[in-house]
Amino acid sequence: MLRVADLHVHYGSIEALKGIDLEVREGEIVALIGGNGAGKTTTLKTISGLLRPTSGRITLWDRDLTQVPAYRLSHEGIVHVPEGRRCFPRMSVRENLLLGAWGRKTDVSADLGRVFSLFPRLAERSNQVAMSLSGGEQQMLAIGRGLMGRPKILMLDEPSMGLGPMLVKLIFQLITEIHEAGATILLVEQNARMALAIADRAYVLESGRMVLEGAASDLAQNPAVRRSYLGEK
Amino acid sequence: MRIPRVPRPLRPRVLTSRRQLGAVLDRRGLLLLGLVAIAAPVAAPSDFFVRIFILALIYVVLSSGLNVVVGYAGLLDLGYVAFYAVGAYYTSILTVRVAIEGWGISPQDLWWLFFLDLVVAGLLAALVGVLLGYPTLRLRGDYLAIMTLGFGEIVRIVATNWVDLTNGVAGIRGVPLPAVDGYVLRSPVLLYYVVLGLAGLAVFGISRAVRSYVGRAWIAIREDELVAEVMGIHAQRYKLLAYAFGAFYAGMIGVFFAHLQQYVNPQSFTFWENILLVALVILGGQGTIWGPALGAVIWTVAAGTALSVPFVQQHPETRFMALGLLVVVAVIFFPKGLLGGRKLRLEESSANGSEEAAADRQQARGAGEAGVDPGRFLSLPAPDPNGVLLRCSAISASFGGLQALKPTDLEVRAGEILGIIGPNGAGKTTIFNVITGVVPRRTGEIRVGEHVVGRVRPSAITRLGIARTFQSIRLFREMTVLENVMVGAHMRMRANFLSVLWRTGHARMQERTAHREAEELLRYVGLWEYRAAEAGSLPYGFQRRLEIARALMTRPRVLFLDEPAAGMNPTETDELGSLIRRIRDDGVTVVLIEHVMRLLMEVSDRVVAFEQGEKIAEGTPAEVQANPLVIEAYLGPES
Amino acid sequence: MRLISRLGVLLVGAAVVAAACQGGGGQKFTIGFGGTLTGEFAAFATNMQKGAQLAIDEINAAGGINGVQVEMISVDDRGEPKEGPVVAQQFCDNKAVSVVLGYSFSSVALPAVPIYDQCQMPVLASAVTSPKLSGSSKYFHRNVPTDAYQGAQMGEYAAKILGLKQIASLHQVDDYGNGVTEAFENAFKGAGGEIVSSDGYQLGTKDFLPILTNVQQKNPDGIFIGGFYPEDAKIAQQARGLGMQQPILGTDGAANPELIQLGGDAVEGLVFYATFDPTIDLPAVKKFVDAYKAKFNEEPNSWAALAYDAVYTVKKAAELAGGNSRDKIQTGLGMVKDLPGVTGTTTFDQSGDRAMKLLFIAVKDGKFALAEKQP
Amino acid sequence: MIEQHLANGLMLGAIYGLIAVAFTMVYGIIELVNLAFGEIFMSGAFVAVTLSATAVVLFGTVVPMPDLPFWLALPLAVVFAAILGGLIERIAYKPLRRAPRLAPFISAIGVSIFLQGLGQSIFGTSETPFPNPVGGPPIIIGNVRVQPLSVLILVIALGAMAALALLVRSTPIGRAMRASAQDPDAATLVGINVDRIILVTFMLGSALAGLAGILYGANFGFAHYYMGFIPTLKGLVAAVLGGIGNIPGAFLGGMVLGIVESLGAGLVPGGAPYRDAIGFAILTILLWLRPQGLLGVRLRERA
């Protein structure tokens, strides 16, 4: 469904991605794991158009997205929930969610109802401004806002970052639920253990190159992965 | 025959100054520049150009002085010209209205007053700078700009309307030309050399100031005032110093201007002048030594020579249309200024293979081999009798009615690693903020050892041996890695401002010591190779470590780490764990907020758990992990 | 480093080129014209510039000065005092320039005077009226009378001829406004009148309601404005808007046809004095007015007229002294006596000022006309 | 008498308020102090006066003009100002989106200088008369006299401000504006064309500045290429007074500044020449006591 081929991205003179290939099939959860500075966030930002690749192709159902401006991509069905949640801090929960459906006139309130039923905490706080929410609630809001965009593919960047163990579990549970409801998900996670637990397939990125890929369960058994990313000595 | 090079002593200048200079200007370059400056009036085809050069040099002083405030300390000042006015009016009033008209002294006998006034007016302007700067200290960014604009206008309007003192718009006439022992410097060429001397003095003084710990403090404030404060920099004091120092030069050159014109009136000190000066600083490159000077020369000479172009003479407004266009084009193509934005990057730093750098490296390595113990810098005072370093009793904090931290007791014992856990919004970071003075506490008492901490600025708390890092990394991104760490030495820099300008032996030695310590700390955290890289260009995990090194540079008794492992993978997290242990073993007590339980539970001696602004559990890691309240609120079952 | 040394070379190079451009001429009589040609207050100098240009064109058509064609170099000082010496130096350095005209602001002329003094350049200014310039240098002349003289004339006129008893005075806070108003007030009080209020305002003020609201309370029987026509027009409009119907007196600053365009009905009846009256029935004036209108599409004002006369005064000086050098012009200016022009006759006194008779002019039916009552 | 001074200040304040709102909108979205509003202000006045004349002198030559009625010339001039503002944004600010903070500010200064010179080239150095579009006798309430035009100015300004505040608060486009202001990247990710939103904001702000220029010109009976400078400075001060970024605050700031100036110039003996200083002094004192402005919210330091 989503295919990334030979993607190169530069920050100034530094090459952050050195030709990566990646594929997400419909209905999958694909995890992208790797160390700091490996290029995980860069990959997502490039797919969602925030960064321009130096070369390479990004296609969704064979439609070339490489030259589509960033703001169009969410309308194409690529929705990116960025690292650090990035809710609109001085707007209410409801306004944040409505913005998720920006540009769409139909069925907005129905979608709003669906998100509220998925995240009852948000429904309770729908008139609070986003900056007054706790970290976990903000993450729910960010994901909810993403869902409002009716994603064909939902890209989550470090949804567990900075959350306590219980919340991390809750967020992963929610991701599984969303997936079971039919969403295709590309997940970037530092918490490789959890990510591999829920993913169908996974990629391992190191210094801008894909070094491993395969079924998530296989990778979770791979000794190199276990040593580098699962913290086994 | 080859003469073996003797390794030179370690020179801190090498790494720090070049980047700040913007354009690299070595000794040869300086010499050449000096020669060009000296030859300029002789080479000039007519006195008209000499007059333009004189104006250009006046603007060099003004823009360089303003650069201290805007470019280094990061305070957008739209009222700087007021200090220039203070200097010009001070000398005019004293010379003409008091001495010549009031006391009937002949101008010939007053020639020395000009030279005296250069200094006195500079000091007076500095004083006014402090007075005007004081009420603006709380303001940030654009508010500050508008307020300084207001001050500038007020000074001008008062000068216009206080006729008894300033003679209003009519101005003060008959200010004598500069003279030496009665010989009047009537020739523009001689006047040029006077102002060249003043400009040289200004650029020299400013370059010395900014290449010292004072300059680092200014840049730190510009980059992140709160963090600068936490590094022990009394931000308000240094902002005032920037105002005063910048104002000094404006006052000084104002004196020259008045005597050059033999006349002052408020029309020379308009808002337009302020705008122009800010534009010159930005166009040339704010925060570089030569940028603003270059901007001033280009602008003045271009605007001046345009006066001779027949087309411009017929359509005078095109002179300013062209300048306007030029500004837009220049800003679009050089947004950081002509000399700005030339930074040493990661790759360049290793390519910086000059002999000097090599000598540096060798020297530093030598020092390491000589068995210097990194922990030496982490020297600790003797622990207090109860073994408690920090005791908080019933401290609390609230924002806008929301009580973020309910009255809480907390003690930190010497030599331990204390872990703090809790869900988001539980008040963990707030505790850090209250202890480090970043957030005012509503109630309670904090003791460091025997010392009761009053309601003081963060910098004062840092002086008590408390250092911290931030949850979201807050480095001085535009400074190099080494400079970042050196900022941490700020509290130990005792050379006063004058000896910094004079670069006394004491000041130099101090700078060298800080440099050496910073390099060793960088080696301690494993970042030595990156010391010349810009901090913002480091990978994320390195930035975390750099923040720790910078905090350690303040030689703390207690180090507060706020989620240092956030965003690290397990391998990095493990490395971080051993670094934290090493820091503790070297004698620094550590307080650690962390969500990564594997790390926290492994390294902590004790753990405190918070929820909703309250302490809910305290004990050994095992105890806390087993605490049902903690499990319910935070860890969840099966942890 | 290379950047900076290259820049130095570049600058010096540019200077040389510019200087080369600057030389030239030699066969021409060159007049320097300095004034504020850009910025908020550019109108005064552009008017003078036009007047001078007209005179130069006429003279050139008639064979020039002492047989030499005349050209004018205009330089903008932007109204900035710091430009004063630079512009002066530019004229001094240019050996072709033998006299300098113009000047919009005394504050720009004052720092320029010592430079002209040094290079012995005669100056004949046409719009600066500060008493401080009187006798500031033997090279400095002007063909516009000083504020002190003009203001006093108006004060006496208001009290004695118009018979006003109580006047509220408004003045722009600068050399010109302060000087002219002080003279006016003293003369008016000396003649038995009373000044009920005296308020200042900054040049360029648009909103006079605060002052006028106060003036209205005093209910004077006349309002005097020591300022320029844009402000005169606004004061008149706003005063009429508040329902004040008192007669308004202006100064030579009002002597500009724009006053009527800007002020409309509100300035009807406004009385002021001037050195120049476009409606006066003299052949020379009519010729000047017609030629000016034809060339510039607008009515001439007194600055245009003064600069026009200044050029003819320079011509006369050159002819009297028998040469076109700075030296000769300087000598010649001292010899000019009762030279007729569109602004009356020109003679310079010891301090370089011009003594002359003022005309009192009123706005009548949307036009300037000699006031009914003349001294 | 004090009532009269208040009435005087109210009208002046309405004009300052409009410019302040223009500053605040643009500042709110890209943190830029757009000093070029001064020249947009000027262009508004000139276009209105030009369209409603039978002929004007442009570049020194007489050009016939359509002689439109004021009520038609006004909206056309406002549209012109909006388009000019949009052009400036595209040419001088958009390339600087990722540049250091002060760069666009300096670019704005450049634009301002350039347009001033252009104004002088086109319209000459003299003031152009601006005929009073609303004649008629003054309205007298008690012992206060106001011009019908002043009342109209107040009504137009209040209407424009209210419409704008409503637009930003309660419409989707307003929501998108706020979102782009608070987090442009996140706004892009939800599908908002941030560049276009910024352009729209600029055009709206420019329309207001142009409107302010027309009202100012009509009220004081002139148009001049330098006319925008001082009122714009005042508008900026007003925006800061009100707490920059806050639309009703900016308008309130304008009102406060207008009234304080009028009272200061009228009631303080010898105060008239100091009127500009009065405004700045108030600003200084207020910022000292309340650094976030009248209605601004103090943002808590993140740590």
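For reference, chains read A, B, C and D in written order, and residue numbers begin at 1 within each chain.
Keep in mind that, in the parts below, a contact is a pair of C-beta atoms (placed from the backbone, for glycine too) under 8 Å apart; a residue touches a chain by one contact, two chains touch by 3 or more.
For clarity, every value in this text was computed on a predicted model and none was experimentally measured.
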Chain pair with more C-beta contacts, C-D versus B-D: B-D
Chain separated most widely from chain A, comparing mean CA positions: C
Between chain D and chain C, distance of the C-alpha-averaged centres to the nearest whole Å: 35
Mean-CA-position distance for chain B and chain A (Å): 39
Where chain B and chain C are represented by their mean Cα positions, the distance between them in whole Å: 51
Chain B: positions in contact with at least two other chains: 160-161, 317, 319-320, 471
Residues of chain D touching at least two other chains: 117, 120, 273, 276
Touching pairs - complete list by chain label: A-B, A-D, B-C, B-D, C-D
Complex contact set, residues of chain B against chain C: 23-26, 28-29, 32-33, 36-37, 39-40, 43-52, 55, 58, 160-161, 163, 168-171, 173, 177, 186, 188, 257, 260-265, 267-268, 290, 294, 297-298, 301, 304-305, 307-310, 312-314, 316-317, 319-320, 339
Touching residues on chain A, where the partner in the complex is chain B: 12-14, 34-37, 134-136, 158, 161-167, 169, 190, 192, 227-231
Interface residues, chain D side, partner chain A - complex: 172, 175-176, 178-179, 182-183, 185-194
Chain C contact footprint on chain D (complex, rising order): 1, 4-5, 8, 12, 57, 60-62, 117, 120, 124-127, 129, 131-132, 138, 145, 147, 216, 220-222, 224, 226, 229-230, 261-266, 270-273, 275-276
Contact set on chain C toward chain D in their complex: 37-40, 42-43, 46, 173, 199-202, 204, 206-207, 209-211, 213-214, 217, 230, 233-234, 237, 241-243, 258, 261-264, 297-298
